[in-house]
Structure formats: C-alpha cells, structure tokens
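You will see chain A twice below: alongside chain B first, and alongside chain C after that.
Presenting the complex of A and B:
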C-alpha cells in the first residue's frame, strides 16, 4: 500500500485541470502520482490535508479522470483508493466525481 | 559728447527692441540639450478622482483608460497620467486600472510609453505604489507604504493556472486577516473560488477577440488583487477577454435556457449570460464533467456564511449577497459602460454582526 500526501508530495497549492495550464494541475497529479501505482494493481491512500484547498476542476480531473484514463470501474477504484481528510465533505465530493464519471460513460 | 545722427538713433532703438523681444521669447522655452530638442511633448491625461467601477463612477474610469489606450497604441504617443487629484481607489477600479495599464505597456513598442504623476493624497499614493503601478510604467516612487489600510493590498498576475503564483498571496493575506479580526476567513473556500476564477480566464476568456481592435497580449491573462480594509477581506480576479456572453452563447443549449429563462434577471445580455453560467455549471468545452468553476465562486460565500460576490462582464453585472442564515440574494443590471473583460470579486466581512 502506498501513501501519497498531496501537500508534501505534490503541491500545497493544487489548482487547475490540465498540465498545459500549470504544474500544479489535476492532470499532473493524476499522471505523476496516481496512475502508475493503480495501473500496477496497488492500493493507495491519499492524504488530502495540508494544502490551501482544492478547486473542483483539480479534483474532478485528478480523480474522475482516473476512470476515463485507466478505464477502471468506479466501484473498483473506490475500493483501491482510500481518501483521508479532516473535511468529510471533500471526500464525498471526490467520490461523487468518480461515480458521476461512471454514469457518463454508460 | 557727439550728437547721434537721427538714422543712427532709429537703428539703435530697433536693435534694442529686437534684443528685448528675443530675450522675452527665450524665457518661454525650457532649455533642452540638443539630443532632446526634437522629442514631441507628452500628452497629459488626467485620471478621475475616484478609481472605482461601482456607484456610477465607472464611466469616468473607462473613458480615461480608453483615452490612454488610444493615445499610446493608436496614435503612438507617450502620455503622462496625472493622478494628482485622485482621492480614492477601490478594488474593482484598481484591478481594471492595473490590468489595462499592464496590457498597454506590453503592447506598445514605445520606450516608456506611460509616465505617472503621483497623487497628492498620501493614501492613494501608497496604494498605487503597493499594487505595483510604478513598476509597470518604470517610474520611480520612493515612498514606503505604511498605512494599515494599504499594506494589505497585494497584486499578482500570470498567464497560467499554476497555484504557485496565487497560493502564497491568498495564504498570507488570509492568515493576516485571521490573526487580527474576530471572524476568520475560510482559506480553503477562498482558494476554491479564486483558483477556479483564474482557471476560467485561462481556459475560456481568450477564445475570441476582445473587441477593442487590438491584439491580445499573451504575456498575462489574469490579474489578482487582495485587500483587507475596514474589517473586510476583498479578493478580485480580472481578465481582459471576451466576456461571459461569447462563451455561453456557444455552449449552453436552448433547451436549458428555456427552463431557467423565467428565473433569471435579464436586464442585460451580459448579466443574463453570467447567471446562465452560474446555473448551468458547464464550460465552453461541451464536456459535461467540466465547468463547475462558476459555482465555486458562489461556494466562497456559502463557506463564509456572509458576504458578497460581484461579477462584472463587459456591460453587465450580477451581485450575490449572503447574510447569516439566509439564501443568497441576487441582483443584476446593465452598466452604461463596457469594461471589455470580466472582474469577479468577493467581499467577506471579518467582524461579526455585533460589531
């Protein structure tokens, strides 16, 4: 199991959707830190505390984008990713993005 | 003594008069070294007394900025901007001033196209120094802002969405606000709204021409200003793009518009477009998983449970006001001016209702 702390391992100021628009984007976070271990079958823990905050574009691209990019079923993805945060609404928001990607792909 | 002939007297008199007139004429001209004798004089353009966009004060500011733009970019002449009579600077006016001057200087091929003449008012002079206007124009200003209501002005600008450019400023100003005021600024909420506003400018604002007949300068796409004053935290993001109307026209289907038409306030096409974007939550890329950024702007108010959100786009404005325990109140109207861009700003009170 791998633990990824967003503030420590990526940026304290995550913002933006695509890599072309900045190095702290959701696409960069997904491709640089999430895709490889998930593709290899690992389970990961993502620690969300410690950053200044999250925009919806970042979260949707980072986590909803996993379903689009890797083709993993949302239920499978949710079993292999554990999200930790002092803000439970943030966790629910991310899960919502993952599940809503499933509905769009159906 | 020999008596002078009449003709000699007349000649000497004419010579004396000529020399007197020449001396008088020379006094009117400032001495210029030879290298500068053929430099044309600069046009002096007087700034309005109040740098603001609300309360009916926007027209003067917009006309003033257009005069500067016309003189520098179309007539290719240097200008002196006379701020001596400026008495007050407010955030929406300040961010438009900063962004327009930055763009004019970037687009001009003149050396030092704009010179600033500082305000007489000490506070406004410190504000212009604090937000970096003199750095844009290359002017020297030796004052150091010390006033409590000035030192918390912070300005930033950029061309991409990277959080590194915006984050430290938001964090610093919010921490300062939280240290000195009773009610805290919810930093993560502000971050969500501000960063999404910046994303929207980079992604959507510059797909079309701005409409002022000038090319867009690609060096900077967004400007940001934060301020703490009189117990209020203000953050503003500005772009000089094509506005909400041109974006939503392409993306929002008529079927959705029909469902919300009656609910939206339609005094102006631009104000209508702003509200459509807030309601629809979709972006210009026609992909349904995108475009929640507009709603994030409103979530800042909901997280703080108090405050105002203003969105100005071209010639329309929408204001969302929230007081504790109530639903957001929406007001909308058209302006008698066109800012040729979009400004989003939040005003969050830092004192509780008892104070």
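Presenting the complex of A and C:
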C-alpha cells in the first residue's frame, strides 16, 4: 500500500483542472502520482490535509478522471483508494465524482 | 429522651439541608454549563454565517470578473476549507446532529458551485457560464444560510 500526501508529495496549492491551468492541476496530480500505482494494481491512501484547500474542478479531474483514464469501475476504484481528511465533505465530494463518472460513461 | 429526639431532628434537618444544597448546586451547575455550551455554539454558528457571506462576496466577484485572479481563488478555497472544518468541529459542542449533517451537504454544494466550473481556468471576460456560476453560488449560499439558522435554532430545544 502506498501513501500519497497531497501537500507533501504534490503541492500545498493544488489548483486547476488541466495542465494548461498550472503545474499543480488535477490532471497533473492524477497522471504523475495516482495513475501509475493504480495501473500496477496497488492500493493507495491519499491524505488530503495540509493544503490550502481544493477546488471542485481539481478534484473532479484528479479522481473522476481516473475512471475515464484507467477505464475501471468506480466500485473497484473506491476499493483501491482510501481517502483521509479532517473534512468529511471533501471525501464525500470525491466519492461522488468517482461514482458520477460511471454514469457519464454509461 | 426529649433531648435525644431533638438531637435526631437536628441531624435530620442538617442532612436535609446538605442534600438539598447538593441537588440545587448540581442542577445549577448543569444549567450554567448548558448555557455556556449554547452560547459557544451560537457564537460559532454566527462566525460560520459571516464566513458564508465572505465566500459569497468573493465568489461572485471572482466569477463576474474579467480575468483570472489566483489570489482570489486561493482565498475562496481557504475560506471554504475553514468553513467545512469549523462546521465539522461543531459536532463536539453543538446539539442538532441532523442539522449539522444537512449543513455539511450544503457546504459541499457551495464548494461545487463556487469552484466547479469556470474556476482556475484562463477565462476571458464575463460569460454565460460566469453568470450560471453566480446563480449556482447564490442558490447554494442561501440554502446553507437557511440550514445554519436551523442549526442555531436547534440549540434551543
């Protein structure tokens, strides 16, 4: 199991959806840190505390984008990702994006 | 014999006084603690309401703006995070668990509305999507304000 701390391993200022919106975008986070271990079948823990906050566009692209990029079922993805945060609404929001991406794909 | 009876009566009176004082003291302490808890919760809810107003002002200024403002983006995200964490922490002192859960859903909706579409991208000038964002932020803000007021009322069952 790999632990990814967003603030430590990526940025304290995650921002934007696509790489063209900045170096710390959701697309960059997904492609640089999340995709490889998940593609290799690893289970990951994502620690969300420590940043200045998250925008929904970043979260949707980083986590909802995993379903689109890897083509795996949301339920399977949710079993392989553990999210930790002092803000329970953040976890709920991310899970919502992962689940709703399935609906878009249907 | 009379002296013995008087002595017992005296002891019973004293014991009655002490027990009565203890009972009154205990209820009085409970009442004071409850009042302090209620004041703390209400004060914190008032702070949350102010924070919601600040987020609303910042979000409509941002979405109505003509260029991307990174400083405003960070400020909005920080305030939203502060709002969510403070609301979560209220579970320790506040009554109304159902009202807190409802308000947390509204915070999620406000974050989605304020930072979902057309956020942190290089938009050019006010647009229809900017107006849509302002409308969504307004709806989410009003709903959250209403739920926070309900939470405040829940402190007075």
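Note that in this section the second predicted complex is superposed on the first by the 106 of 106 C-alpha atoms of A that agree within 3 Å, B and C clash if a C-alpha of one lies under 4 Å from a C-alpha of the other, contacts with A are read in each partner's own complex, and residues count from 1 in each chain.
Basically, a residue touches a chain if its C-beta (ideal position, glycine included) is under 8 Å from a C-beta of that chain, and two chains touch if they have at least 3 such contacts.
The structure displayed is predicted, hence computed values, not measured ones.
**Q** Just to be sure I read the superposition right, which of the two partners does A:74 touch: chain B = first, chain C = second, or both, or neither?
**A** In the superposition, A:74 contacts neither chain B nor chain C.
**Q** A:54 in the overlay: touching chain B, chain C, both, or neither? Say first, second, both or neither.
**A** both
**Q** So, does A:13 touch the first partner chain B, the second partner chain C, both, or neither?
**A** both
**Q** Under the stated touch criterion, which partner chain does A:89 make contact with: chain B (first), chain C (second), both, or neither?
**A** Touch status of A:89: second partner only.
**Q** Using the superposition on chain A described above, determine whether A:22 touches chain B (first), chain C (second), both, or neither.
**A** So A:22 meets both chain B and chain C here.
**Q** Between chain B and chain C, which residues of chain A are contacted by each of them?
**A** Shared contact residues on chain A (touching chain B in one complex, chain C in the other): 13, 15-17, 21-22, 25, 52-58, 60, 87.
**Q** Can you list the chain B residues touching chain A in their complex?
**A** Within the complex, chain B touches chain A at residues 160-164, 166-168, 170-171, 187-192, 195-196, 198-199, 202-203, 288-290, 292-293, 295-296.
**Q** Sort out for me which residues of chain A touch chain B in the complex.
**A** The touching residues are 11-17, 21-25, 52-58, 60, 64, 87, 97, 100-101, 104.
**Q** Across the complex, what residues on chain C touch chain A?
**A** 70, 73-74, 76-81, 84-85, 88, 104-105, 107-108, 111-112, 115-117, 119-122
**Q** Inside the complex, what are the residues of chain A that reach chain C?
**A** Residues 13, 15-18, 20-22, 25, 52-58, 60, 86-90, 92-93 of chain A touch chain C in their complex.
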